[in-house]
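Note that chain A is present in both complexes that follow, paired respectively with chain B and with chain C.
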Partner chain A sequence: MEENDKPNEEQSEQDKKQSRRKFLRNVGIITGGAVAGGAAMYTGIHYEGSKLPSGERLKLLAQDGRLLEVDAHHVTEVHLPESELLMQQGREGLPGHKWVMVVDLAKCRNARKCIDACQSAHHLRPEQYHINTLQMQESKKTAPYNLPKPCQHCDNPPCVSVCPVDATFKRSDGPVLIDNERCIGCRFCIAACPYSARVFQWFEPPLAEESKDIPYNIELNVPQKKGTITKCLFSADRLREGKLPYCVSACPNGVYWFGDEMEDAVTNGTTKETVKFSELLKQNAGYQLMPELGTKPRVYYLPPKNRLFPFEDGDQEEHKG
Partner chain B sequence: MQNSYDQVALDLFRPVRLNRSHLIWLGILTIALFLCLYAYSIQLREGLGVAGVRDYVSWGMYISNFVFFVASSLIGMLISAVLGLIGMKWIRPLTRIAEIIALAFAAVAGLVIISDMGRPERLPYLFLHGRIQSPILWDVTVVTTYVLISALLLYLPLIPDLAIGKKILNKPKFLVKLYEILSVKWRGTKAQWEIIHRSMRILLILIIPVALAIHTVTSWLFASTPRVGWNSTIFGPYFVSGAFVAGIACVIIAMYFFRKNYHLEKYITELHFNNMAKLLVLVSLVYLYFNINEFLVPGYKLEHGDAIHLKDIFIGHNAGLFWFAQLFGIIIPIILLLFRQMRKPFPMLILAILIFFASWIKRYIIVVPTQEHPFLPIQHVPANFLIYKPTLIEIAITLASFILVLMIITVLSKLFPVIPVWEMQEEFELKEKGNQS
Partner chain C sequence: MKRLISLTRLILLISLFHHITISLFAEDWIVPPDKAEKTAPFVFSKESVEKGAELFVKNCQSCHGDPTRGNFAKLDPTPEDPASEKFKELTDGEMFYKITNGRGTMPQFKMILSEDDRWDLISYIRSFHSGYIQPEPELTSMTGAGERASMTILFDSLSKMVTISVYTVKNDMKSPVKGAEVLFFVKRYFGNLSLGDAVRTNEEGIISYPFPDGIAGDSTGQLTLIAQLNESSGYGNAKKAILVPLGVPTEWISLTAPRAMWNINFKAPVWLILSYSLTVLGVLLALVYIMLQIRKIFYLGSAVDDAKSDKP
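On to the complex of A and B.
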């Protein structure tokens, strides 16, 4: 206190004055508070009155999958901005599904229509592949064949393990996606991926100017961003609409089967024929790429037997590895 | 006796001043740094594509350089902690040089890794959204810890020196003031000495596992992937043993220049060069042993992927670099240093510079060739995706990191005595006592 050095008498006088002032102030606060509180309760009751239960019950599915029942009166619709909605749903899988792809190597004639459809959907440059078709020959005597190679959407993905910021993630319905709003561009995932499935935006992506106002969609990875990773997404945006992936629909040769492991059914993108997934693998000796690495791919291959077309090796000079 | 005791302090504080030649040297470094930073501004504007890295070889010079920097910084731990704790007395005049090198390389290593990021402005995400199972998080944690401990290991034994320097130095004014502040009222009481000795001991023990961790974790950035050439269980010790070779080369180069330019021949003697040479041979032999394991074992089996990888680095287009690194980085130094004439300062400087280059190239050979032959063939891409070629911009940005290291070493060695003064005085006293009795 500042008055410490004043004589005692004066101080007690001061104290009295202070306590009186304090008392008056307290009375003021209590009265004011009571009035304000009363007013608030009054308006509150009125407000609640206008929202009395209507008796109409609604069944709602909560985010965690529980079925809830609430009064119709208490329901207010939540309007997320589109960008937020896309961010949120992009990280959540479609419940009850496990997407799989089967690639029939006997049918691939390297038409590269899958690649074109994919690149135009995802705003990629010609040398950027979410899916690429490789000319393969395991050894000198074995038959060459074309290998369409999308991301294998591993169930034990090395890329997801090494990502330091949760930018790339495994979704509950199978696909491994990338959030380019989160990616820091360290490229550890490129180093870790044994299938060379990942692509980096080394420069400003094409169509960056045109697409800059589009809200970012994780499931489509558009707009693309400089300095981040982009990769095959199993066309998660199309799956949400109940459609087949871009590459699958674009194939003229019936190479791709796509479907749901939970339903044990896959549909051919060209013929639209639907067959049992397990039967297709069993009858055709389906296999996975490099299963010995323990990555557990969700893409399966049918061996390139009885190929009825010649192998065009225009790209043989580039063939390495 | 008093006279020569003070002479030690005078000798060691003589280089502590700002003279024109050093200002010019710092000026040149600054200009060069700004030129290189201009290169970085181009990379920021245009994207990482201005470097030679592409989708297949996506880690190039920056990451090789990062590995080299982390490697070089390990020397602080070897000299001060390992040799110090087992009671090697001859290393005492070299401890501060080793710590300065360790601190400079470790601190700049953090910047090198940022230059490799596609989105450097998202660096805070490592802390906001960090996922603990990523080796990058481990690396960030241990490198930061190592920088902190190295800084303390540099600073603590400096405190008594600062108190001595405060009395000896009279200009420049800011330096005297700096000494005043940094010496934290050191009076040399018994209690103060005890605190310093005890905390030094704790730090010296602590830095051993941390130093091993930084380079082991750095090796795991590679070994934790299934790639041929990286998928190795001995990568941790392989990297650590190689780090000591690179670090000792750095210290020898620094020893030579400090001895010559600061006229410290009385303190950094030929004996020190001789001993460092033997230490270098020892760590090189260990490194050679790991190299034999790393290449001979897969070379004997020649699994499909290993065969391609080994063919590439033994006789393929990376062979020149590989053999340069192995010969000049390990084999030739081991053989030459067996001869006493080679263990003199000048021949050792030449050897150390060669080892320094070879060590850098070795990191490049570890990082790059593996990515040039992935499991699946590289097809339908432009030719520059197939084989990695560093660009001028990339080289300039890499040079910037070396310039920064040189600047840190120059400034620290100009502001403070590069040889611990009180330790030298203590040694001097002991010697005097020995002579009297």
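On to the complex of A and C.
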């Protein structure tokens, strides 16, 4: 019997050893997991916590001279590099404004100055358009006209809904912007946009070499990045300076009106005339593109009535491929 | 073949439009007689021509080309060369009117160039017209020639009345200006919104101006009202801006305030947050349940093992 017992004991000894090893391994896995999870939770909580108000208010003088009151918890000392500053202000937008654009189709004669200004400001290739100019003819007998179609900066933007990484976003003052540093190039937004307003950077953008040291400006999308999306930004950088967008001020024919819905005023980029936004739409039967989709565009159109130029084709043969 | 057809169709269309536009513009650009008689308030000089040349390059060249070269843009109606006979035949007043108001593809420069700028431009254009003799400047006909008037603004927020008094100061004596034209604007982000035609001062040099309804102000209805003397009435172009609470209060609600699919995670629709969290929670609970069951099986198994090893 004793002889028989021995191997059994050895067996159980071995079993014990093995289960101890197993136990140690399990403990290792569990502690590792717990530490990782805890760390993730801690950073999460810390991040969320930083957004909560503390109740203590501080008075601050803003760059533009306004006196602001800010929750003490939200105050961080600004030793930010310019790139981060640009990123921060670009995400926040200009409070108190809601930008709108009105495009008068009766005035457009396809001069393409808006496109030139836009492409040079945003470092685009000649075949890339933030403003598509379409030559429209609804049916055989209706009159043709030119239709400049920038991003409509929807208040209910389908492109933003589908972005998986929060790269494209809606701003409090209206523009829908894109952060090229977050963009992963999935192109969901291109598929989602009913206005075909988005462009993908398939190739190295022009001026890539020259602009590689410029801090990235989210309001201008410069420097552009290969493999990401670029789109019309309502020239958010110019709005901050109180200037009209690049395209609006470049138009020689008075096609574009741009302004602030809150002030109920739009200013013509060519004549610099300022009129009431609501009256301009009312008197000229202003409309929106595809409002039935519920996208709530911020760009309005005035119908191509009493056009002052002959409709010409062939100007832009080279762009048709 | 298809392309050829569409091309002929296009040519047809273009010629059709050409006809329409030509018939539209067949009538001349008629300038009201009183405006056509207007003359410059100063004598054209070398300086005014130089200034005009600068302004021309900035504002006119893209369509009108270089004077005498005839390289104007091919628009309809044609912009024409400013050195041409057609321009020479115009009176100074007509030219001034056309630059000021524009028509069709010719933009209006009312808000872009000051009156003096527009006259400088005309003096530049005239420098290409041989044999042009400038009519006597209108200086004498203007009552306020040389005198620059000042003004004060008062407002009454109850009756929404703005009172302007225009006066000139000579030897510390204020004398009211009668018949001075004042233009009203409201300051907007990209430019000044005109509130309509100029208003003239009465015998006492005063304007009582009812502020129009429906002009948007800030959240408390504040807005900046600008009163400016009309340059053409000859008392200079004094300008006064004042903050008045006469606008319609507007409340700014951030466009990112509402809960929506496109908003950041925190502002996602409640149903989305709920269904997502519940789903994740459900899956996690199911996993925990499975783990517990496995643990149970493990213990049952080891109990059986123990029982087996105990047996012998």
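The rule is short, and it goes like this: the second predicted complex is superposed on the first by the 238 of 321 C-alpha atoms of A that agree within 3 Å, B and C clash if a C-alpha of one lies under 4 Å from a C-alpha of the other, contacts with A are read in each partner's own complex, and residues count from 1 in each chain.
Convention: a residue touches a chain if its C-beta (ideal position, glycine included) is under 8 Å from a C-beta of that chain, and two chains touch if they have at least 3 such contacts.
All figures in this text were calculated on a predicted structure; none of them were measured in a lab.
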Clash or fit, chain B versus chain C on superposed chain A:
fit
Should A:Arg109 be classified as contacting the first partner (chain B), the second (chain C), both, or neither?
second
Which of chain B and chain C A:Pro95 touches, first, second, both or neither
second
Contact-wise, after the overlay, does A:Ser161 reach chain B, chain C, both or neither (first, second, both, neither)?
both
Classify the contacts of A:Met290 with the two partner chains as first (chain B alone), second (chain C alone), both, or neither.
first
Which partner chains sit in contact with A:Gly185 here, chain B, chain C, both or neither? Use first/second/both/neither.
first
Under the stated touch criterion, which partner chain does A:Gly242 make contact with: chain B (first), chain C (second), both, or neither?
second
First (chain B), second (chain C), both or neither: which does A:Asp213 touch?
neither
According to the stated criteria, A:Glu56 is in contact with first (chain B), second (chain C), both, or neither; which is it?
neither
Nearest-approach distance, in Å, of chain C Cα atoms to those of chain B in the combined model:
6
Between chain B and chain C, which residues of chain A are contacted by each of them?
158, 161, 166
Residues of chain A touching chain C in their complex?
12, 95-98, 107, 109, 144, 155-158, 160-161, 166, 169-174, 242-244, 252-254, 258-260, 262-265, 267, 270-276, 308-314
Which residues of chain C touch chain A in the complex?
10, 13-14, 17-18, 21, 62-63, 75-76, 102, 104-105, 107-112, 186, 188-194, 215-216, 218, 250, 252, 254-257, 260-264, 309
The chain B residues in contact with chain A across the complex are 46-49, 53-56, 58-59, 116-120, 122-123, 125-126, 129-131, 133-137, 221-222, 224-227, 308, 371, 373-382, 385-386
Name, in rising order, each residue of chain A that touches chain B in their complex.
127-129, 132-136, 147, 149, 158, 161-166, 182-188, 190-192, 194-196, 198-204, 226-228, 289-290, 293, 295, 315, 318-321
